[in-house]
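When the chains are written out, they are named A, B, C and D in that same order, and each has its own residue count from 1.
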Amino acid sequence: MSEPTQNEVLDTEPTHHSEHIVSPKVYGVIFGALLLGTAITVIASYLELGIFNPIVALAIACIKAVLVILFFMHVKYSSRLTKLTVAAGFFTFIVLITMSMTDYISRAWGLW
Amino acid sequence: MHFISPVLWQFLINWLTHFALFPPEASTVAPYTDALYFFLVLISLVGMAIVVLLIVLFSVLYRKERNPEATPIEGSTLLEATWTIIPLALFMVTFVWGALLYFRIYNPPTNAMNIYIVGKQWMWKAEHPGGQHEINALHVPINRPVQLTMISQDVFHSFSIPAFRVKREVIPGRYSTVWFTATQTGTYHLFCTQYCGTLHSAMIGEIVAMTPDDYQRWTAGSTSGASLAQNGERLFASLGCASCHNGNANSHGPSLAEVYGSKLQMANGSFVTVDDAFLRDTILNPTMHQVAGYAPIMPTYQGQISEEGLINLVEYIKNLNSNYRVQQTLNTSQVQTVAPAAGQGVVKQ
Amino acid sequence: MSTATIVKLPPQETASLPKRSYLNNEYGLKSWLLTGDHKRIAILYLISITFFFFIGGAMAGLIRLELLTPQSDLMAMDTYNKVFTMHGIIMVFLFLVPSVPATIGNFLIPIMVGAKDLAFPKVNLLSWYLYIFAGCFTLAALILGGVDTGWTFTTPLSTHYLNTHVITAGLGIFIAGFSSIFTGLNFIVTIHRMRAPGMTWFRLPLFVWSNYAASILMVLGTPVLAITLVLVILERAIGIGVFDPAKGGDPLLFQHLFWFYSHPAVYIMILPGMGVISEVISTFSRKRVFGYTAVAFSSVAIAVFGFFVWAHHMFIMGVSNYSALVFSLLTMLVAVPSAIKIFNWAATLYKGSITFETPMLYAFGFMGLFTIGGLTGVFLGSLGMDIHLTETYFIVAHFHFVMVGGMLMAFLSGIHFWWPKMTGRMYPEALSKLAALITFIGFNLTFFPQFIVGYLGMPRRYASYPPEFQVLNVLSTAGATVLGVGYLLPMIYLTWSLKHGKIAGNNPWQATGLEWQIQSPPLTENFVETPIVDHEAYDYEWLAHQTEHEVQTVG
Amino acid sequence: MDSQAIATQPEHGHEEHPPYLRHHFATVEQQRETASFGMWLFLLTEIMFFGGLFTAYLIYRNWYYPAFVAGSHQLSIFLGTLNTAVLICSSFTMAMGVHAAEMKWRKPLVGWLLATIFLGCVFLGVKAVEYHEKWEKHHVPGLNFSTQDFTHPSAQYKEEPPLPPDMAAKTQVYFSLYFAMTGMHALHMIIGVSILLVLVVRAWAGAYTAGHMTTIENFGLYWHFVDIVWIFLFPLLYLISRHQ
């Protein structure tokens, strides 16, 4: 959860790091990667990959999202607190999905 | 008292004769539920006693008049561990015990007699296999396991018999089941406990537990003529189910004789045991339960059959041992070009 | 130090309120309605939640009156349904969720961490306005003819089978949700980013820890409720099919999403109350809270585990039984941190120097009633037991023990405890002790019989019931009358004390928190100079070395 | 030993107070980090907001996979891809806008923001075209829905196998989720574009190029988040089993 151990808490104290300015070149590269990712997703969806179709699509989406988060949203250069916050969000999201799924998946298992 | 205020006296008499503190234990699971309940009450009393005792003891011993200076204490890992582990252990016992009870209450024995319950705003309809219909009442024999297969026509309801300690949500669009064995004759409350709209608190009824003999007499006396399976057979014919599900070698649908309880292979390779819920769902969403070897051509009957009708069909298919009568009906209806007339008359028995 | 009480009031003839404080910094309605000051917003919140509390309380009164007799005679069944729905919606979303955080928390958290204000004062004000909008929507739903879904909005009942003002009420809750998101967000940011120099995490008062834990739940849980309500509203308004079984939806999905918020919401309600109790117990036994770290982390543990247990509201609702096993097990785990807290509070009393002011009496009440509430929660978390108990008055009694016996006791405890800080004046001690006693007795009389009637099987939300339940229901109604008096009394004497209460001075309780080291009522900017913290929370030895006039006062 | 807790701290008066430093913050750095953390927490709530929809999507996709495939095939992959590209472009222009603000370039900032607004509007326009098409094809659940296209595929989708009627009815669930998810996303876009309009005016006045650009930075976070949501929506809604 967003609840770190004692050490992590202490590490997230406000730090006076200098503001990092990302160069436009990095933005350009990421921009290109994102467009490329989009193209790959579309192409991959036309290939017969069996159960890997949704997996590939989601994997590419995740990579794209991570690129946006790390570079466009500057998380790569941000404090641990920001990173922790992002992680906490996705963690709770996963909890929502997996714990709901415990019900939906196991409904078919038995008579009761 | 009665010469002071007759009205109050009336009230008191009325109250005391009707006063209840503990529900009757009228089913086989009730003693098990109560045992866990008393265990939990005991834990609570002990826990409560400890907390109250500590508060009172410390308040007396360490009140300011007696103890003007407080002694600083940081804490104690040993104590923290103690009051983490002991409650945890007790809660785990509770969990296991509760889980075992849950299995007991929700796992019906195989020999249970089945009664169907349809909940709707705001009444309970009970359908006995023999064709007895009841509204807001349910007659059951004692000492015999009874399984209820329940469904709601509209919103969530909940079928609760406090004297039996059983309760189960009645869900729209899906069968849920509950079972019990009544142990004492008598009349007990039936409540809808899930809030279901305006007349929620009027959605109540009676559970009448009778001796097996009385129950026999009751079933004989209140039958409506046709059993659920017979109604189901009529519906089966009038909906034209027999044109595919007739057991002929070249028929479009699988044979339904003795299908109940069997294991079927689905088109996607998985295996499914045929139960009430499966039968109901295949009528409404046939292609989502496509049996291997057949084309997905069966139309959906969603919205065309009432829940009672579905129960009739399920009950019919459950009791279908051979396709003989199915084929008979099929031949008759094919011979008669003015087909529907066959469905109109009373089914021959 | 032989006086019976630790309240050391300044001599009355010379005492006066500080010349300048947040209360008299500016005047006029505009200075209140457009304020950015967390303390004024807290007061705004206090007034509005009190208003809604009494509306919700009036509804509770009507419910109890109706249940005096077995028949549905005082009001028709649908009226009764509307009344208990409104009682639930108002009490849960407009009183319990914002109660401690938005009033006491709003007032104190910036001061406790040594900041001049919350991180986002405008967002804080926005949160109050959203709350008021939410209140207006809810009242509109009430005035236009009511809504009778129950506060749980169960589909498909709420989406297809009612013709009352579900959308209006749903929008009200949606907006109230954002109000609470903004409060939680503000708290988390403030606690992370605005602490005074030297105020490390483990020097924070436990009230801050528990509000922090509650804020996490608010921020992560509430949006799920928001989207669920949006889907319900869309389904009702234009008929999309996400929860509708007729269209292929699963009505149980609504339950999953709803309880994903609404179970953590229970902890949103109780955690800040637990924080109040930690402060009060420590202050009146003149000791550091026993096992500070354990209590702090148990708050966080409750917040984390709180997200893993929601399906225990659905054990009989058709959730898969395997899943029910998992959720029951996790529910047992979440009970443990609460037990840890109770034992630590009890141990705090050990070798203390205890006095029995009103806040302490309420805190004792909290400990007793919350213990019962918590332990009966174990009954309901236990699978087999839950089958018989759920949806009966047992569960009503259980959550009223936690919410009213626990949370409301804690709220009153906190209001009395910090009243001198908020207003600069003391409440009347004897009267308030009487009120605490009345509340305690009234509460037990109201809700204890409900456990019994619940085990008898009386379903909740029933306007009429079988006559053999009447004796217990009459007891309950009688108790509610006493309880009503217990709640009206503080309302009256606290208002009275605004003008006539004794001047409290800066630190009437001789407590250690930063809030007690500044003047009462505080300055708009809280601190004259940014405090530097060099001691742990609840360090009474440090306090003993302080002399009276070292505290900051602007004369 | 000085046991006083409330010691006097040297006032931060010797620093200059820029006009944008609000009174309750000690330093500009603290203010900036606070605002950014607040924005991140807000985005956290947004994750959970969409989380509820994604959960519903996942469950129904597993239940009614053929209906989801058929529903998905009714969407225009060209428009979907176009919109994805447009949104990625707008994310890029936004990132460049933030960069311009960091470099204190006023006119480029305004330019990039205008570009972002334009791309945002293009996205919404394409979305409107798609919604309109859905309306014409009777694919709007509740208001205007018919399973005709799925039980009897038209000439346009000749290769599509017809769905059995029970499954065809479940396409309504797919389209409910389609409209709920893209609708919520579009709502976020509309809010974003509206805020951008205000930002452009203020940026033109030079509000964000005088050393205080937290607002632009935080809005950038919001805009990128909306982009990320679409990055997931696109494959989940448009690209279900296109090879069939």
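A few notes on this one:
Everything below uses one rule, namely that a contact is a pair of C-beta atoms (placed from the backbone, for glycine too) under 8 Å apart; a residue touches a chain by one contact, two chains touch by 3 or more.
Values in this document were obtained by computation on a predicted structure and should not be read as measured data.
Nearest to the common centre of all protein CA atoms is the CA centroid of chain C. More C-beta pairs touch across the B-C interface than across any other pair of chains. Mean C-alpha positions place chain A and chain C at a centre distance of 35 Å. Centre-to-centre, using mean CA coordinates, chain A is 44 Å away from chain B. One inter-chain figure worth recording: chain A and chain D are separated by 15 Å, centre to centre, where each centre is the mean of the chain's CA atoms.
Within chain D, residues 30, 33, 37, 41, 44, 47-48, 51-52, 55, 59, 64, 169 each touch two or more of the remaining chains. For chain A, residues touching at least two other chains, in rising order: 14, 81, 88-89, 92, 96, 100, 104, 112. Across the assembly, chain B contributes 106 as residues in contact with two or more other chains. Across the interface of their complex, chain D is touched by residues 110, 115-117, 119-121, 123, 181, 185-186, 188-189, 192-194, 197, 219-224, 226-228, 230-231, 234-235, 238-242, 247-250, 253, 256-257, 260, 514, 517, 525, 527, 529-535, 542, 545-546, 550-552 of chain C.
Of all residues in chain D, only 29-30, 32-33, 36-37, 40-41, 43-44, 47-48, 51-52, 54-55, 58-59, 62, 77, 81, 84-85, 88-89, 91-92, 94-96, 99, 102-103, 220-221, 224-225, 227-228, 231-232, 234-236, 239-243 touch chain A in the complex they form. Every residue of chain D that touches chain B in the complex is listed here, in rising order: 64, 164-167, 169. The touching residues of chain A, counted against chain D in their complex, run 14, 16, 19, 21-24, 27-28, 30-31, 34-35, 38, 41-42, 45-49, 53-54, 57-58, 60-61, 64-65, 68-69, 71-73, 78-79, 81-82, 85-86, 88-90, 92-93, 96-97, 100-101, 104. Listing the residues of chain D that touch chain C in their complex gives 3-9, 11, 22-26, 30, 33-34, 37-38, 41-42, 44-53, 55-56, 59-60, 63-64, 141-143, 169-170, 172-173, 175-177, 179-180, 184.
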